[in-house]
Amino acid sequence: MEFDFKHLGFTLLGLLIVLNWGLLMSALMQKIGARVARRIGIRLYQPWIDLIKNYAIRSQISHGIMFYLGPVFRFSGGVGIFLFMPLIVGSVMWSNYSFQGDLVLIMYFQFFGMLGMALGAGESGHPNSAIGISRGLAQFTAIEAPLTLAIISLAIQYNTLSIVDIVEAQQGGIQNWSAWTNPFATIAGMLAALGSMGHSPFNLVKAPNEIPIGPPTEYHGTFLGVLRTNAAILHVMEAALFMNLFFGGANNWFEFILKTFLIYFWSVFVGVVFPRFRIEQSVAWFFKIPLIAGVVAIILFM
Amino acid sequence: MSDEKNKFENPDYAKRTVIGPDGKSFVVDPMQDYFLDARPKVYEPVSIPVVEKFLNWARSESLWVLGFGTGCGSIEIPPLMTPRFDAFRFGVQSRATPRQSNVFIISGYLSIKTLKRVVRSYEQMQNPKYVLALGSCTINGGMYFDSYNTINRLDHYIPVDVYVAGCMPRPEALLAGFNKLKSLIREGKAENGNKYVKDFDWYKANQKKIIKDWNMPDYNW
Amino acid sequence: MLLSIENIALASGILLILIGLLGALTNKNIIRMIVAFSIFDTGVNILIVTFGYMPGRTAPIIDGAKVTAQNIAQVAIDPVPQALVLTAIVIGFGVTALMLVFALKMHEKRKSLDINDYTDLKW
Amino acid sequence: MNTLIDRLAKLFSISDVVHQRPNLAFVTTPMENTIHLITHLRDRESFSLFVMLSCVDWIEDNQFQLTYVLNNPTEKIDVGIRCFINRDSATMESAHYLWKQVATYQRELKEMYGIDFPGSPRVDESFILEGWDNIPPMRRDFDTKKYSEETFFPRERPQSNDPAQYMKSKLYPDE
Amino acid sequence: MVSPYFLLGIGLGLAFLLGLLGQKARKSSSILILVALFSFVGISFSWLWQFLQENASVTQFFSAGFKPPFSIALQVGLHEAVLTSMINVMGLFSFVSLWRNMKDGNEKLGPILLILFMGLNMLVLTRDIFNVFVFLEITAIALGGLILFDEKKHARSAGFKYLIASALISTIYLLGAVLIYFSNGSLYLDDVMALNNMSPMAIVAVFLLILSLVLELKPFPANGWALDVYQGANPAIGAIVSAAIGSTMLFLLYKLMGMAAFMQEFLIAVGLISFIASNLLALVQKNANRLLGYSSIGQIGLIISIIGLKDILGDQFLFVAFMILITHFLAKAGLFWLSAMLKSDELKAWSVFRKKSVLLVLFGIFIFALIGFPPFPSFYGKWTLIINLAETHNYYLIAAILIGSFLEAIYLFRWLGYAIKVDFTEYDEVKINWEKLIPVLTFGALLLASGLYMAHLMPGIEDITLWPLLFILAIYLLDFLPAYIKNTISIAALAYFSFIILPPYYEKDLLRFIFLGIFAIGGILTLIAGYAYKGKRRGFYPVALLMYAGLIVLIQAETTLSFFFGWEIMTAGSYFLIIRGKRSMEHGLSYMLFSIGGAYAILAGLGLTFAQTHNIDILSLASVTVHAKLIFLLLAVGFLTKTAALGLHIWLPGAHAEAESDVSPMVSAILLKAGVFGLFILMIAMGKNPEVASIAYILGWVGALTALVGNLAAAFQEDAKRLLAYSSIAQLGYILFALAMMSHLGWMTAMVYSLNHFMYKAILFLTIGAVVLRVGTHSMYKMGGLIQRMPLAFIAVLVGIIALSGVPPLSGFAGKWFFYNAVLEKGWYFQGAIVFFSGIVAFLYLFKLIYSVFLGQLKDNLRQVKDISIWFAIPIYVLILGIMFFSAKPEWVLQPLSDMLTQWYPNTSLSFDGLYINSNFGYWSGTGVMITIMIMFIVLLLWLWILSRKVVKVKQFNIVYSAEAPQRPETTHVSYNIFAGYYKALGWIVAPKISELWNKISDFVVSVAHFGRMIYTGNGQTYLVHILAFIVVTFLWFLN
C-alpha cells in the first residue's frame, strides 16, 4: 500500500481517541473499584491531571542511556500494537497499518515494549525493578500458553491468521462471534486476558506494598508520563485484541468503546474480588483450567 | 564472623583497594564512584504566567504522597485514604517511591536516625516537592522537647510548607492541611524545593550538626 | 586284547596326562607344578608314540637283516612320530629348563615358591 | 517456685528474694555468680528462653543494677536475676554464648549506659544512636534537657504556669 | 628370489656363534645382531619388491631337496612378504627400542631377540604343521627369555604364567599336529588342504590345531596370562607381543583356516566376544600397559572374527583384514613404545607428553587410528567391513562390532583426555632418548602416510578433500610461529578455499551454497576473533582447520563414504577444539562419545543403504525400499547427536560453556549446523518415503520437547555460556521440529532459523566470550552494570537477543512467522504450541543474560574493565550488519530460499508480492514493519527528548532504597536464581532425569566391567583353568 497522508491522519486521530478513552477508562475502573470499597473515589478527570502533572515535573534524573530509552521502547510497543491492530470492521482508514502484518506480528510485537521496559528498568539498578521484571516475564510466559492455544484454535477455525479476516468472519450477528462458535478458545483467551491486564490477582509485577511498584520504581516525571500514556493506549488495545478475536470486533466507535470497556472491566471485576497470587501460584494457575480449555478448543477444531 | 561476610553486612564507604580481572589493583572510592557528588540545582518555574498557573493547578490537584510514616502520626494516614475520609476525592494518592511523589508527610516526631532517612528521601523527590508536617513534635518537639535524640524544629532541616498542629491531628485536620497546601501551590508560593537548594548550606550545616555519622553525599540525587 | 601293549600305553599316556594336569592345577608349589608339567609332557609323548605303533613291526632302522631299503615301508613302523616325539622331548626339555630358571629367579626375589604369592598382577 | 529458689539457694549465694507474682520471682546474686546461675538455670532448670536484660542506674549508690529475666516455657515461670556492678568501672561478663540475642541487649547497654561486655560480638558498634559522641544518654548524670536545648534549636515557648498556682494567684491574690 | 632359509641360517647361526664366542666378543655382538636384523628386513623387502613390482609368483622352498611330506616347505608369496616385512621392521625397531636395556651386561637379550624374530618369520613362511609347533615353542622360549631378563618388578611372575599357559597350549597343538599326521599321513599344509572330505579324526585334529592357535591369540576369557605379560613386562616387549607376535599368529590362523572352513562361525563368535568383552573390561582399567593389553586383545579379537568372516566378505576380505591389522600393528606398537618412555604405569601419567607436543600428537594419531577415524587405514577397513556385512544382512554382527568399537572409544578417549588435560606436575618428566623416539616417530609417520595413501586409493573420496589435510599438517609444522601469523595464514587459506569452492554452488546447489557459506564465512569471522589471543596458541590452528576441513568435505560429499569421512574429520577437529577449554576434560569425552555413537549409527544406516542400493552415491538414499524406517532412524539419530536433541543433548552445555571464547561460537553457531545439514540431506533423500512419516512425527515431538527443555533449562543457568549453550539446544530443537514437518513452509522455517541462529548465536557467543575474557568469570551474577564499560558489547547483545527472541522488526521474527504458518498448515498444533511456549520462555533467559551482565550494578573489581577486544568486535559487527540486512530486506533472502525448496515441495502456499509475503494463513511485510517501527520509534524518542532535556545523569547507588543507601553492588544486584518462583512452578520439567538415566547406564556398564574383570585373579592356576574350560566349552559346542 502506498504512503497516504489521509490514512496517516486517520491513524493519528484514532490514536488520540484511543488515548483519551484509555485514560477515561482507567478513571472509570478506579471509580468502580472505589465504589466497591464504598468510597467516592477519584474524579473522572484525575488521569489527565496526573498526566499533566507528571509531564510538568521540573527535575529529572537518568541512570543511563538504556534507562532513558526504556520508556521509548515501551511506548513504541503500545503504539505499535495500535498501528498493527484494525479498530473498526470494514473500514480501511480505521484499520491502521494492519496490512503490514497479521496476528503473529501483534503477538510478538507485545514483547518489544516489554523488553525495552525490562532493559530500561534493569539499568536503573534497583533490586525491586529486577524482581518485578523477573516476575513479569515469568508470568507472561504462563499467560502465553493458553493464549497461544486459543489463537491456534481460532486460526484453525477461520483458516487465517489475519485479524481483519477473523473479525470479518464473525460478522452478521452475535451468534457468529467466536465466543459462541468457539467457546473454549474464548475461555482460554479471556482467562489469559486476566493475566495480561495485570490486575489482581495477577498484579505481582508491580505488587503494591510488596516490592513497591516493581519495574518503574525509578521512573518519574516525564518518563512516568510516557509510561502512563502508553498504559492508557495499551489497555485499550489489549481489550481490542480480545474484542477482535472473540467478540466480533467493532462496527463503529461506540461498539468499540462499549466492548473494550466490558472486556477490560472483566479483569477489574475479578481483580477487586481476589487477592494477589504468588508467582509460582500464578504460573501454575495458567497451566490448569486455561490450558485445558485451550487444548479442548484445539481438539474440537482439529 | 568472617571478614568476607562482614564486608557485606557491615560495609562502610571508605576507600578500598580492589584487584581487577586483569590483575591490576586500583582504588574504589564509593563516595565518588557510586554516588553522584554534585550540588542540586534550582529549577525555575515556567516563565509564562498562564502556563505556570495551569501547571500549578494540575500539581495542586494531583498530590502524590510518599508512603513513609516517620512517627506515630502515620496511623492517621489509613483512615485518611479509606472510605471515612477518602482523600482520593481531592486528588491525593499514595506512592511507594519518592521518585514519583510530590508530597512528603512528616507524621510526627523525628529521631535523629529517622531524620537522616527523611533527608535522603526528601532529596530523592523531584522538584517541585512539598512537605506537610504533622503534630507538635515537628513544630517544637512536643512532648519530646527535652529528648536527647528527637529534633525539635523540622524547618531547620528541611523546608516545611504546611504545619498541621495537634497531638495527633485528626484526618480532618490533615484534609485541611492538604487544602492549605493546594491553595499555596495554586498561588505559586510552594517553591520550597528551590528554597532548600538556595539555602542548601544552612540546611546541611544544621543536618550535619546532629547527624554525627554522615556517610552519604551532601545531596542524595 | 584289553591288555595289549597299545592299550596299556594308551591308558598310561592318558593317565599321565590327567595326573599332570591335576598336579599342575592342585599344587601350589611352583616346582611341583613344573614337575607336573613334565609328567603331562611325558604323557603326551607316550600318546604320540602309541599312535605311531604298528603291531608286529620293527624299528625303522635299516640294519640289513630284517629291514632293508626295499621293505622298509612294510616291516618297519612309521618313523615320523618318533622323530616328532624326539623333537617334542627336546623342546619340552627346553621349556622345563626355562620354567625352572623362572622359578629360581622368582624365589631369589621373594623367597617363596607358592604360586598364590605371585598374584600382584590381576584384573 | 519456692522449691526452685530453695534449690538455687543451696548452690548459689542468693539474697533479696522477691516474689513478685506466683510465677515470677527476683533474686539477687553477686556479679561473679550471675552468669553461673544463669547457665545453671538454662541447662539444669529448663529456663530455655531469655526474656530480656535491662539496667537501672543507681547513681546514689554508684552502681548499676542489671536484671536478666529468664523464662521456663514448660512450667511457665519467670525468674529475674539481679546483680550490681560498679558504676565507675562498669564491666560485666558477657553471656552472648548462652543466647545469641543477649549480644544485642549487651550492645544496647553498652551504648546507653556505657557498660562494657568484653567479648560480646559487635559490642562497640553503634546501635541506635548513630555516631553518638557524648556520655551515654541513659546515665543519670547526662542532662538530656540541656543537651536538647543546645542541639535542637528549641523554639521559644510561651511562659507557662502551674494552673493551680496561677488560678490561685489570679483569683485569690491575697492568700 | 632370496631363499628364506637364509633367514633361518642367519638367525640360528649368529645366535649359536655368539654363544660360542667368549665374553669379550659379546660386547660387540649388538652390531652383529643389528646387521642380522637389517638383513632380515632387506630380504623381506626384496620379496615385497619382487611381488609388487615384478609380479613374481608364489614360490615354495623345500628343505634338503625333498618334496613334502618328506621335507619342510617354506612358502614365499605376497602375503608372506608383507607379513615378514612388517615383522622384520618391527624386529629392527624393537631392537632399537631395547638398545639401552642391552647394555650393562644384558647383551644376551640380543640373540634372544634375533631368535624370536627368526621364529616369527618362520611361522609366517612355513607350510609344515609340525614345524609350526617347533617354532611356536621357539618363540615362546625366546619370549620367556626376554621376559626373564626384564628388570621390571613383576615381569618374572608374569613370564612364568605365560610359560605354563603356552606349554599347555602348544601341547594341544602338538596333539592336533600328530592327529593330522595319523589321519592323512602328511604334515604338509597344502596336502591337508587338498583333502576333500575329512575323517572324524582329521576334524578333531584340525579342531585342536585351530583351537590352540586361537588360544595363542588370547581369546576371552582364557587370556589372563597375556594380560599379565602386557602389564608386567617392559612395554617394548609388550609391543612385540601385541604387534609382531599377534600379527604372526593371526596370519598363522588365516593360513591354517584354509583347512578348517567349518570353524568360521566359531572364529566369528570367539573374536567378537573377545572384542566386546575385553573392551568392556578395559573400561575400569587404570594401568596403561594393561589397558593396552586389553585393547590389543580386543583388536586381535576383531581380526579373528574377520578371518572367520572370510567367506562372507569375499574379495573384500583381505582389504578389510589388512587395513585393520596394519592399523593395529602400527598404532599398538607405537603406543607401547610411548608407554616405554614413562616411568609410571598410570593412565594420567601420560599427561607429561604435553611437554613434548610431538609425542602428544603421535599419541593422538595412534588413538584416532585405533578407533577408526579417517584418514587412517582402519577407517576404510571398518567402513568396508560394515558395508559388506550389511550387504550380506549380518545386522547383528554390525551391531556387535559397533558396540565393541564404541566401548573401545570410551576408554581410549578418556585416556587421551587425561593426557591433554590432567595436571602433570606430580609425574616424573619424560626422558626421551633417540632410540625410543625413532621407532615411535617412524610408526606414526607410517600410519599417517598409509592413511593418506589409502584415501588417495579409495574410490568415493575425491583427492581434493586431502589437500586440506596436508595443509593442516603444514600448519602443525608451523606451530612455533606466533598466533597472529598462523591466524592470518588460516584465514587466508579458508578464504581462498571457500573462494574456489563456494561460488559454483550458487548456481548448482543453493542448499549447499548456504551451508557452505555458513561454514566458510562463519569460520573466517570466528578466526578473526583469534587475533585477540596473544602468544602462540599451540595446537589451536591445526585442529580448528581440521574441523573446517571436515565441514567442507561434508558439504562437498557426493558419496556416502566421503560424507562419512568429512563427518569424522569434523568430529575429530571439534573434539580437540572443545577439549582445549580449561575444565573441558569430561565434556570433551562426553562430546566424543556421543559423536562416535552417532557416527556409528550413521555408519550402520549407510551400510544398510548400501546393502540395498549397491551404490555409494549419496543420493542413493532416496532409492531405499527395505528397512527404510530403520535406516532413517539410524541416520537421524546420528545427526541428532550433533544437533543435541533431547536425550542426546547432555554433552552440549558443558562442552560449549567450557570451551574458549572464540571456540564456543565455532562449535555452537557453526558446528551444530553440520547436523542440520545432515538432516536436510537425509530428509531430501528419504523424506518422500511414506514409511518414514511416522518417524518424522516422532522427530517433531522430540524437536518440540527439546526446544521446551532447552529454553527452560537456559532460564535457570547462572553461567552465561552455559545459558547460551542450552539456548542452542533449544534452537536446534526448533530446527528439528521444522524439518520434521516436511513441508515447504516447515523447511523455510528451518532454513530461516539455521541462518538466523548462525548469526545471532555467533554474535552472542562471541560477545559473551569476549566479555568473559575481560572479566574473567562465566558467572553472570558476578558481572553487572557492564553497559557503562562495554557499550559495544551491550549493543551487540541487544541486537542478538532481539533477533533471537523473534521480536519484530529484526530477522528472528521471520522465523516465528513461518513457524506459525507452517504449524497451521501441517496441523501439528500441540507440538507447535509447545514450541511457541518455549519461544516465549526464551525471554526469561535473554532478559537474564542481558540484565545480569550489562545492566544492574557494576561491581567493584570491574570498574576499570575495558570494552571487548576490537578483534572480537569486528566479526560481531559484521554479523550485526548481516542481521540488519536480513531484517530490512527479508524477501531478498527468503525468495531464493523459497524457490530452492520448491524443487522438493512444489506445492506451496507461499507467495511473494513486492514487499509482502503471503501464505494461506497470513501475510507479513518485513520492510514495511521495519520502516513503520523505525519512524514510530524516532518520533516517540523525539517526543520524550523535547519534554525532558534537563536530565541529570546519576550514578549507580543513586536509587531509592527504602530511604537507605545501597551498601555494596554485590548485595544490590539481583541476579542469582532470579527465576526462583518460576522454578518452583515449572522446574520439574528440567529436572536432570536424562543425565541421571545416562549416568545409570554408564554406572551399570562400569560395574559390569568391574565385576567381569574379577575373573583375572592373578593366579597362574586360575588361568590354566580358564584355558581348560575354554577348550571344554568349545569342544562341547562342536559336539552339538
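Letters A, B, C, D and E name the chains as they come in the text, with residue numbers starting at 1 for each one.
What we mean here is this: a contact is a pair of C-beta atoms (placed from the backbone, for glycine too) under 8 Å apart; a residue touches a chain by one contact, two chains touch by 3 or more.
Only a predicted model underlies this, so the values are computations on that prediction, with no experimental measurement involved.
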The chains touching both chain A and chain B are E
Taking contacts as defined above, which has more of them, B-D or C-E? C-E
Most distant chain from chain C, judged by the mean position of its C-alpha atoms: B
Need the central chain here, defined by C-alpha centroid distance to the all-chain C-alpha centroid. E
Gap in Å, rounded to a whole number, between the CA centres of chain D and chain C: 107
Round to the nearest whole Å and give the separation of the Cα centres of chain A and chain E. 54
Just the number, please: Cα centre separation of chain B and chain C in whole Å. 112
Inter-chain centre distance, chain B versus chain E - centres from mean C-alpha coordinates, in Å: 69
So which bits of chain A are touching at least two other chains? 58-61, 217-218, 221
Using the touch rule from the top of the page, what residues of chain B touch 2 or more other chains? 41, 43, 97, 99, 221
Pairs of chains, among all present, that meet the touch criterion: A-B, A-E, B-D, B-E, C-E
Over in the complex, which chain E residues touch chain A? Could you list them? 785, 787-788, 794, 798, 801-802, 805-808, 813, 816-817, 820-821, 823-824, 827, 829-830, 832-833, 836-837, 840-841, 843-844, 846-848, 850-851, 855-857, 920-925, 928-929, 932-933, 936-937, 940-941, 943-944, 947-948, 950-954, 956-961, 972-975, 978-979, 981-982, 984-986
Chain E partner, complex, touching residues on chain C are 21, 24-25, 28, 30, 33, 37, 40-41, 44, 47-48, 51-52, 80-81, 84, 87-88, 91, 94-95, 98-99, 101-103, 105-106, 109, 115-116, 118-123
Residues of chain B defined as touching chain E within the complex: 7-8, 11, 16, 18-22, 24, 26, 28, 30, 33-36, 38, 41, 43, 68, 97-99, 117-118, 120-121, 124, 216, 220-221
Contact set on chain A toward chain B in their complex: 34, 37-43, 46, 49-50, 52-53, 56-61, 208-209, 212-213, 217-221, 224
Along chain B, where are the residues that touch chain D in the complex? 1, 10, 112-113, 116, 139-141, 145-153, 156, 206, 209-214
